[in-house]
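Handing you a structure now.
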C-alpha cells in the first residue's frame, strides 16, 4: 500500500489542539470538566458550512493542506459534533450529513480495503476531501487578494465631474416640404374632397367633347369636317390637338350610335365629316 | 492624524513633479471645481498648489482637456474647440405627428396666425404640446399680438424653418392650384417631387393671391 | 452641425495628434469605461481610436491620472498610489460579507460557473441575498446557460468588476496561472466522492432558470 500523506496521522506534540469555536479547548479528557463549567461557547454560526469548519480544523494540523491527515480531521470534526450534541446545540443538517460521511470514511480508512467493494475507494474519497479543502482555501485567499487590490472608489478614482454628453436628437426630414404641402392641401380640400384627382390640362375628355359636339351638332345640317368641332385653343399644340381630336371623334361615334348624327369618310385617311341626322 | 507634521519645515514637501501628479489626481476626482485652498488642504503639508497649478496648466496646454479657472476654483474641462464631441448627435428620422405637420403648414401658409385661427382651419383644438414642439424645433416662434379684442398672440415661422425646408420665404410655398397641378392632392406618393417644380411665376402670383384672400387680411 | 461630413471619403479624418486630443477629451468626460466603438462613434468619421490609444497611454504614463484598460474599454483613473489624497471622495462601500467575497472570487476564477458549482466549492448553499448583492453591484451578471441537463444558468463577472478591481481582463486575476497549474480551477466529477450537503440542486437550477428567463435572453 502506497503511503498517502493525508491518511497518515500527523504526530503532534500537543495532544489536544484547541478546536475553533469551542472554548475552552475541548478534548476527550477535558470534556467532562468543561461541561461542568457550563461556560462553553459553541460558535457554529461563525462557520460557513461544514467544509469551512473542516478547513479551520485542518489549519490546526499546521501542515500543508495536501499533507493533512484526513483521519485526524475526521476525528476532530466528530468530536466537535459530539460536543455540540452534548450541549444540545442544534446543528444544521449539512453538519450532520458531513459527520455521518466522515464517520463512514473513517471506518473505510481503518478497515482493510474490500476488493469486492464498488465505487470509489476510501483513499479516493479522502483525496477528494483534501482537494475540496485546498480549493476552498485557495478561493478564500483569492478573495482576500481581490479585496486587497487598488479598488475603484477607494484607491483609484473616476472623473468626479463627468461631463454631460448632450444627446442631440436631430430629426431628419426626408420629404419635409412635401409633407407640409400635403398636410396643407389635405386641410384646404377637405370640403372638396375627391378620391382621385388628375390635372387634365392637356387632355380633352370625351365628356367635354360630347358636351361640345351635342351643342354644336344642331347647327350642322350639312356635312361638316370633324376638325371644325375641335375646341378653341386646342389646334396649335400637337399633344392637345391629338387629345381633342380623339375625344371629339369618340364623341361623334357615340352620338352616331345614339342615332343623333351621321359620319362619313370618302376614302382612307380622307377628312371625316359629320352632319346632324336628318329627321 | 495627530502625528501629522505640524511644523512645515520638519518634513520637506514632495518634489514639484510629485505635487503636480497629486493636484492632477485630486482635481480629476473632484466632483466640483476646487479652490487653491481646498487643494492645499488635500495635499501634504508644505505643498504649494499655486505653483503647481501653473506648470500643470502648461502641461495641458493644447491637449483635449484643459485646466479651467472657474471663479476662484479650478477644474478639468474639455477643450473648447472639442465641445462638439460632447454632443452625441443621433440622427433619428422621426415623422412629425400629423397634428404638428398640419399646424406647421397652417402657420407657414397663413402667418401671422392665431391659435384660434389654426383651430378654425384644422377643425380641431390645437394641443399645447404641438405648438411647444414646433417652437422647440425652432420652426415656429411667437409673432406680434393681433390688434383685435383679447390681443391674441400670433405664430410665425422662423428663419430656421425656411432654412430647413429650403425656402427663400414663406411666400414661396406653392398654392393650392399648384399643389393640385403637381399631383400633390392625389393619394399616391409623390416623394420624388421637388419644390422647384413650382417656380412658375404666373401660377405663383395666382396662388399667393388666392392664399391671401383665403382667410386673413394681414394688417 | 448638419454640415457634418457624412461621406468618409469626402473629408480626410483629422491628423493623429488631433485624434489623440479628441479621444482624450471624450474619455476624460466619461466616468465609465468606453469601448473603442463607443469612442469612434463620437469622433468624426474616419478616425481610428485604436491607433491613438497607445500614444495616449504613453502620455499619461506615470501621471496622477492614468489611462486604464478595462476589458475592451478604456477609462481614465487616478493613479492608485495617490488614493490617500482622495479620502474625502472615498465611497464608503458596504463591507461585503465573507460569503459574498468568496462567491465573487469563485465566480471570477471559475467563470462561467453555475450556482451548484459555487455551492460545491464552498460546501454550503448560496444564500439568497449573496448573488443578488453581487448582481446589484454590477460585478456579476448572468452568462449563458450551461448546455447540460436542466440548462442551468451561469454567472460571470462584468466589466464593472474589472474596473473596480483594476483588472484589464479576467485573465489578469492574481494567481490565476498558479491556481490553474495546481488543478484547483478544474471542475472534477465528484459523484460519490463527497457527501451531498444540500439537496436542493434541482430546485436551484429551476429557480435560477426562471430568473434568467425573466431577465435575460441569451441569444
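Lettered A, B and C in written order, each chain numbered from 1.
What we mean here is this: a contact is a pair of C-beta atoms (placed from the backbone, for glycine too) under 8 Å apart; a residue touches a chain by one contact, two chains touch by 3 or more.
Note that this is a predicted model, so its numbers are computed, not measured.
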| note | The larger set of C-beta contacts, choosing between A-B and A-C, lies at A-C
| In terms of CA centroid distance, which chain is the most far removed from chain A? | B
| request: Please compute the C-alpha centroid of chain A, do the same for chain B, then give the distance between them in whole Å. | output: 34
| remark: Distance in whole angstrom between the CA centres of chain A and chain C is 18
| field | Touching two or more other chains - residue numbers and ranges from chain A | value | 157-160, 163, 165, 168, 170
| What are the residue numbers in chain C that touch two or more other chains? | 1, 28-29, 42, 76, 78-79, 86, 89
| request: Sort out for me which residues of chain C touch chain A in the complex. | output: 1-2, 28-32, 42, 68, 75-80, 83, 86, 89-91, 93, 96, 98-99, 101-102, 104-106, 108-109, 121-125, 163-167, 173-175, 179, 182, 184, 188, 190, 192-198
| said: Applying the document's contact rule, which stretches of chain B touch chain C when the two form their complex? | reply: 20-26, 28-31, 42-43, 62-65, 76, 78-79, 82, 84-89
| field | List of chain A residues in touch with chain B within their complex | value | 157-161, 163-190, 195-199, 201
| Contact residues on chain A for chain C in the complex? | 48-52, 54, 94, 97-98, 100-101, 119-120, 124-125, 128-129, 131-132, 134-136, 138-147, 149-160, 162-163, 165, 168, 170
